[in-house]
Amino acid sequence: MSQTFLDRTIDNLRFAWRELRDSSVVRSLGLDESQNRQDRWRRQIADCLARRGGAVSARSRAAALGHDFLRLDDGGKREFLHLLVNEFGVDRDRVGAIMADWNMADDLAEQALLETELRSELVPPFRTILKEFNSLPQGVKFLVDLRADLLRWRKEAPGLAILERDLKELLASWFDIGFLELQRITWNSPAALLEKLIAYEAVHAIQSWDDLKRRLAPDRRCFAFFHPGMPDEPLIFVEVALVSGIAGSVDALIQSDESDQDDDEAVVADTAIFYSISNAQAGLAGISFGDFLIKRVVGELQRDLPELKQFSTLSPIPALRGWMDKQLDAMTQKHETGLPKAIEAALHDCDDLMGPKPVARQPNEVSERTRANIEYLAAWYLLNAKRIETGSAFDPVAHFHLTNGSRIERLNWNGNGNSNGWMQSFGVMVNYLYDLSMIEKNHENYVGQGKIAASSVVKRLLR
Amino acid sequence: MSQTFLDRTIDNLRFAWRELRDSSVVRSLGLDESQNRQDRWRRQIADCLARRGGAVSARSRAAALGHDFLRLDDGGKREFLHLLVNEFGVDRDRVGAIMADWNMADDLAEQALLETELRSELVPPFRTILKEFNSLPQGVKFLVDLRADLLRWRKEAPGLAILERDLKELLASWFDIGFLELQRITWNSPAALLEKLIAYEAVHAIQSWDDLKRRLAPDRRCFAFFHPGMPDEPLIFVEVALVSGIAGSVDALIQSDESDQDDDEAVVADTAIFYSISNAQAGLAGISFGDFLIKRVVGELQRDLPELKQFSTLSPIPALRGWMDKQLDAMTQKHETGLPKAIEAALHDCDDLMGPKPVARQPNEVSERTRANIEYLAAWYLLNAKRIETGSAFDPVAHFHLTNGSRIERLNWNGNGNSNGWMQSFGVMVNYLYDLSMIEKNHENYVGQGKIAASSVVKRLLR
Amino acid sequence: MSQTFLDRTIDNLRFAWRELRDSSVVRSLGLDESQNRQDRWRRQIADCLARRGGAVSARSRAAALGHDFLRLDDGGKREFLHLLVNEFGVDRDRVGAIMADWNMADDLAEQALLETELRSELVPPFRTILKEFNSLPQGVKFLVDLRADLLRWRKEAPGLAILERDLKELLASWFDIGFLELQRITWNSPAALLEKLIAYEAVHAIQSWDDLKRRLAPDRRCFAFFHPGMPDEPLIFVEVALVSGIAGSVDALIQSDESDQDDDEAVVADTAIFYSISNAQAGLAGISFGDFLIKRVVGELQRDLPELKQFSTLSPIPALRGWMDKQLDAMTQKHETGLPKAIEAALHDCDDLMGPKPVARQPNEVSERTRANIEYLAAWYLLNAKRIETGSAFDPVAHFHLTNGSRIERLNWNGNGNSNGWMQSFGVMVNYLYDLSMIEKNHENYVGQGKIAASSVVKRLLR
Amino acid sequence: MSQTFLDRTIDNLRFAWRELRDSSVVRSLGLDESQNRQDRWRRQIADCLARRGGAVSARSRAAALGHDFLRLDDGGKREFLHLLVNEFGVDRDRVGAIMADWNMADDLAEQALLETELRSELVPPFRTILKEFNSLPQGVKFLVDLRADLLRWRKEAPGLAILERDLKELLASWFDIGFLELQRITWNSPAALLEKLIAYEAVHAIQSWDDLKRRLAPDRRCFAFFHPGMPDEPLIFVEVALVSGIAGSVDALIQSDESDQDDDEAVVADTAIFYSISNAQAGLAGISFGDFLIKRVVGELQRDLPELKQFSTLSPIPALRGWMDKQLDAMTQKHETGLPKAIEAALHDCDDLMGPKPVARQPNEVSERTRANIEYLAAWYLLNAKRIETGSAFDPVAHFHLTNGSRIERLNWNGNGNSNGWMQSFGVMVNYLYDLSMIEKNHENYVGQGKIAASSVVKRLLR
């Protein structure tokens, strides 16, 4: 420990105090009660960090601490995390000293050495504690769920945001794509796992075990990534339908029509439709697997079913209607939208769909003209609407698939007939086509120059 | 990229050039030939780092680069690694700028943010390349073996030492003890795995498949740690004999006497003797598993064989004779040894064992008096000889087991009758006893105060 | 082939014809159409039996024949089976000849030889065909299901009854208890397997996946026997609840009260209640596994949960009310029942429960006096009512558990509150206790002398 | 039990006594000692058969009896088996009675019923005991090994031969080909299994673990059949080399020339050479799997390695030299051999190879003329030499492969250079080609008409 340890501790405590004072958690507690357990935690954490009793004992202590943590309510958890991040952070005196040496070093090699030292000094002691929670029976899952909590809490206090970022760094290192295992999920998979699909499906909710069984029928495929540290938990999974020609209606794919369930169906399929991709772990937000998943699954399918010729998604357009609303608002308030006249006109025509008393509530109530307008707007939106800050596609699903190198292939009127589909995009869905020979080029054009690849059919909608 | 990119690149190239110029590798190559492939590597690495074609493509590129690397000879590999570390290091302008901001920040929270940023900036781009080699079919093993190479090469050039340290950081994060799996190894394990035990056994060489089979007999146990990223490779393994009372002779344990091989043997055993612990991966040097392995195995054995009452090693004393040599040299040259008179006298008496024409070459040729002297010296050495720099036990095996919290239990004359045992310690072996109730206390006493735990039997040898 | 082959064939055909003529199947078919495919079958079967093209080809032919058979409707299947059993039966000339030799043999050894020969001659060629269906992908399951069909059809024609008995002999040999594997079924078992539990549960229907999950909770156990030839199909399974003290109400066990689902429940349990045993394969009727299952499961539970002290069933009394009805009828018609006066009186009192307008429809509508009468009758019935032909207990469930060596432990008023329970036994259930130290003695007493073991509590009900 | 039980028992005892009296086993025992244990066995067997204590208990009793049996020496085992077969055989009174009924039955259906009854009565009680030994931990292996013993002992006493035949019937039913599992064996298989390959290899002995590893190299394949009842024991296994063109020398295949071990070898291979097929279980003699194994392996290889175009054996000609010896003897004694003149002449020329002082001891010492003679004789022998009794090929290996539908493809001079090869066939080996499109036809021609298929190359040798 450096000699300025006392100063640093005082600083830390002051910082911690400020956070705590403002925290609603603490205000609701009698401070005295809380003081006792905080003192206990301090001792326990310090013991772990000092490796009292050796490395194995330190791990056991960390596990014991983790068990205690799990028994806390949300308030207690936040209190513990505040204490951890505020009192067991980086040693700033050491950091400052290394920086000074680095600045005075006249040799690149010496600098390199100091950089390694500095990097290590910048890893806060609290990360050691987090890392050792990995020894809990479900340790990795514990940390993933902890980050999910921190993502909800990080606005509350800067300390929790720091903790969240640090944990993300740790998880990103552990969840390197090289460690993930692709597994096919079938009706022969453990019920405890299938139950999680039902819970985690984020795009088209699974209604029942019968619905799930239909999605695992012989003409379907389901794949997920798993990590060896939490082998019972899917990280992300994709549902695929094997069909003839590109499918445009998700209702047709999901409805459990027994008549097309027979085994021969798969044989004549020439197209794989990726109709649902769901992230299963909130705590892994920002650590991306979707791109790898799609391409690994395409590879698996090509090997097993060489008769497949096309790989396409059937995707929602989640932000279309929100974007339309915003543009209409701007037009109402006479702001400059920067949109072409024809688009403004089409938007205007759709106005009566979106008020409190819309003229239609589902695709088949819409007039032919309105339908044409919506398709026109959807095509323009997908091909031209961008986020100002980043220049990327406005629609988040479009951005994901375009980054992956797919192209916009087809719009599907009444692709999703349920109320959620209507609320997002008047039921319009879109196919993104994954043509392996074009993926790199599409990606480069999109990422480098913002060019969005689309089929001639879609482009024609704009003429 | 920062605007000072050019300057930095020039700096980097200058540094690289200095290293390369001095390197015997390059001198032996025509520089022109080598220039071409270096340019190709530069482009390939830059493409990977720029994520050209997207994340999935970047991984594929890294894998291709890894394949190329594997086909290089040692000279080519070093050339590639030099280039990688020298030209794709940390961006020092960015680092300097963040440091400046940090020093001027007047808010602890702002500093915390800058620390995260700095830490991330200090991770050199070359680590990204290393990490992506993980996507090679045997990627983790590739990196472990690469570090083994770097450990041999790091003296050659500072750059390779930096790379080695960086790779160690990466591997230490991946090989967190929480991810390791303990597996029992039996005669039913795959031959391809057992073959590795034969290759990796470092303490008592396995002579043949019959010898190996004997070590996996019903009265034996063998356990190893495995990592999910390289499931066919043991990381470290331990061999255990189940016997009655503490065993003193490794010859008795290893000799394949068929007569004591019957199944009933295990039933009456009350003691587990850990007679060999071998690290199997040179590339994981410094990332420690041995402590965890011993304690996990003790736990497994206790659960499966509740009749076991004692857990002890049977260990060599590898540095005893080297230490004696050194002390005798010092005495010959009339230097101050700091040793007690009695020890100096005993050493003097052993002198004629160690010259070019020793009076004895194996334990049973030794006089009763010499034997007493050696046991006396061995006991003193284990209990008192320390490394000056660190204050830890002079003997490396003693240091390992004492750090783990064991105590010195018994010395065994003629414990190891082969020539290697004679060269290390005149055939004397030692038992370290793992008494679970004392482990933490022993560890703390040893690590904190340098106190070495020993049984009264061993202590009596010094009276 | 023997020279009297022609005669035999004519006999066979005559026999076959008689059966066919009477069979409703054939009458509904135009005979000509059916003739063609019968000729084809004859040729195919003969080819298989002659091993045309070698053993491997013969198996393939049999498999092809099996595939054809699977595509037939029930009428077609029966037609095929008639043909098979009638035209490919035992060679009676050979049988007669061996019998003659046997009768004239004057040497026991010679007789022994002839017996082996005769036994082999008595295995009809059609069994070879059945056996070779085992090479179909799900061959064993195919044969098990075929026997299930034959059990339904055997009354139709003597030939099908012969086939059924023959198939039973084959299956009994294959399903030797030594080949069966006991597996624990949990919520981690494949959904495709769990789905079968839902379908096959014969005692207390499983209402939903939630109901199933409850039955696989930590305080429950479920075990099944499997055969390696049909690894996805349970043969028989048992559901067990771990509770404190003997449970009397199945409703309490099955209802999904979340509050008692926590993990600690299992810890304090001292009693295992076997509350449901279901045979899953109709085609294995008469090949008994239940006895082995119960005792293997008791063994497993004792090993895993040494705190368990009692093993008991909670069982229905399925034939109680039917028996009461019969006795009342006899009394009404003034027949001699042979029952004690007190029983006749109690029956008489229960009369108004069983008419078309019963005074009560569930346990809690019943008067105290009626309840006492029912319990009295149930106890008497279990301890005394016997099948005249066999002397075994009248109640089939009682017979099963008494043969297994259990004793009648306790009667439970309102043990099963649903309408099925009421229809069987006015909701009364019974515990059969498996006391391992008494099992052999109880079995011998019951099987040898018809003595039924019962607790003093149950016996007291009769005083 | 029938009323004539006493008579039958007397008969049985008389029969038993005769066998026992003649048996060397019993003569060497004091009869009194042996009497005691025989009485104990009688009681134990009778208890099992009577199912005392129920079916589960009976199984346990049988298992206990089996354990006792395993501890007996060979004499004791035979004594037990004599007693079992002689005293617990078929009830001949019952058999005789059913036969009488059968002969008087005037109805085919009634006869059919009696046949089932008779068949069941002809299954001796001792088989029940054998079958229940299946409940021993390694029960199936126990019975297989018991039959191996009985095959050695059956000449001793008619009873043991009866037992052997009965056990064969039981094992043949259990080892139905439909239950066998084909597994590929690799260097990753358990050492305990690989050790068995070394022990069981019957054609070309495996010299060492290195030799074995070579036979499991990437350009090799090894497959075995397993039965679920003895999963650790191969039943039969085949070793295959993947090469370019048909291989003629087994030495070239087996020698561990490291230079051709690289992975690319397998890629260019167009031919699979089956160079060794070994039955691993003596106790399954006469229950044939070889035909199925070869064809299943051909199927596996075609699927995995579509570039394979030919499937051929490289086989010894084990009985060639013995046949030549016999013919030469006959010629010496002026008997009629029935051989063509040219063959007699060639035989005569080979005479000096076969005397006590042969002119050559290995292929390369032989003159060109002698070589031509041997090849001529080998070709004639393979194509024409038949067993008089059966009409099948004289050479047993030829008979096996010809029955399987292969053809004689090529003779290979110096195919097997070791002394064993010389003793069998002067080192000549032969390829049998498995051409899937010809297998059925070849089989039918061989089995039906004794026609042996051969390539034109081989036929030309006879011109």
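Think of it as A, B, C and D in the order they're written, each chain with its own count starting at 1.
Just so it is clear, contacts are C-beta pairs under 8 Å (C-beta built on N, C-alpha and C of every residue); 3 or more make two chains touch, one makes a residue touch a chain.
In UniProt terms, the chains line up like this: A, B, C, D = Malonyl-CoA decarboxylase.
All of these numbers come straight from a predicted model, not from anything done at the bench.
Novice: Just to be sure I understand the contacts, which chains border both chain B (Malonyl-CoA decarboxylase) and chain A (Malonyl-CoA decarboxylase)?
Specialist: Expected: no chain.
Novice: For chain A (Malonyl-CoA decarboxylase), which other chain has the most distant CA centre?
Specialist: Farthest from chain A (Malonyl-CoA decarboxylase) by mean C-alpha position: D.
Novice: If you average the CA atoms of chain B (Malonyl-CoA decarboxylase) and of chain C (Malonyl-CoA decarboxylase), how far apart do the two points sit, in angstrom?
Specialist: Here chain B (Malonyl-CoA decarboxylase) and chain C (Malonyl-CoA decarboxylase) have centroids separated by 63 Å.
Novice: Quick one: chain B (Malonyl-CoA decarboxylase) and chain D (Malonyl-CoA decarboxylase), Cα centre-to-centre, how many Å?
Specialist: Measuring from centre to centre gives 53 Å for this pair.
Novice: From the C-alpha centre of chain C (Malonyl-CoA decarboxylase) to that of chain D (Malonyl-CoA decarboxylase), how far is it in Å?
Specialist: Chain C (Malonyl-CoA decarboxylase) and chain D (Malonyl-CoA decarboxylase) have C-alpha centres separated by 39 Å.
Novice: Could you pull out the residues of chain C (Malonyl-CoA decarboxylase) that touch at least 2 other chains?
Specialist: none
Novice: Graph of touching chains, which shape: line, ring, star, complete, other?
Specialist: ring
Novice: Which chains are in touch, pair by pair?
Specialist: After working through each pair, the chains in contact turn out to be A-B, A-C, B-D, C-D.
Novice: Using the touch rule from the top, collect the residues of chain A (Malonyl-CoA decarboxylase) that touch chain B (Malonyl-CoA decarboxylase) in their complex.
Specialist: 11, 15, 52-57, 59, 89-90, 92, 95-96, 99, 102-103, 108-109, 111-113, 115-116, 118-120, 122-123, 131-132, 134-135, 139-140, 158-159, 162, 165-166, 169-170, 173-174, 176-179, 228-229, 288, 291-292, 295, 403-405, 439-440, 443-444, 447
Novice: Considering only the defined contacts, which chain C (Malonyl-CoA decarboxylase) positions touch chain A (Malonyl-CoA decarboxylase) in the complex?
Specialist: Those in contact with chain A (Malonyl-CoA decarboxylase) are residues 187-195, 209, 213.
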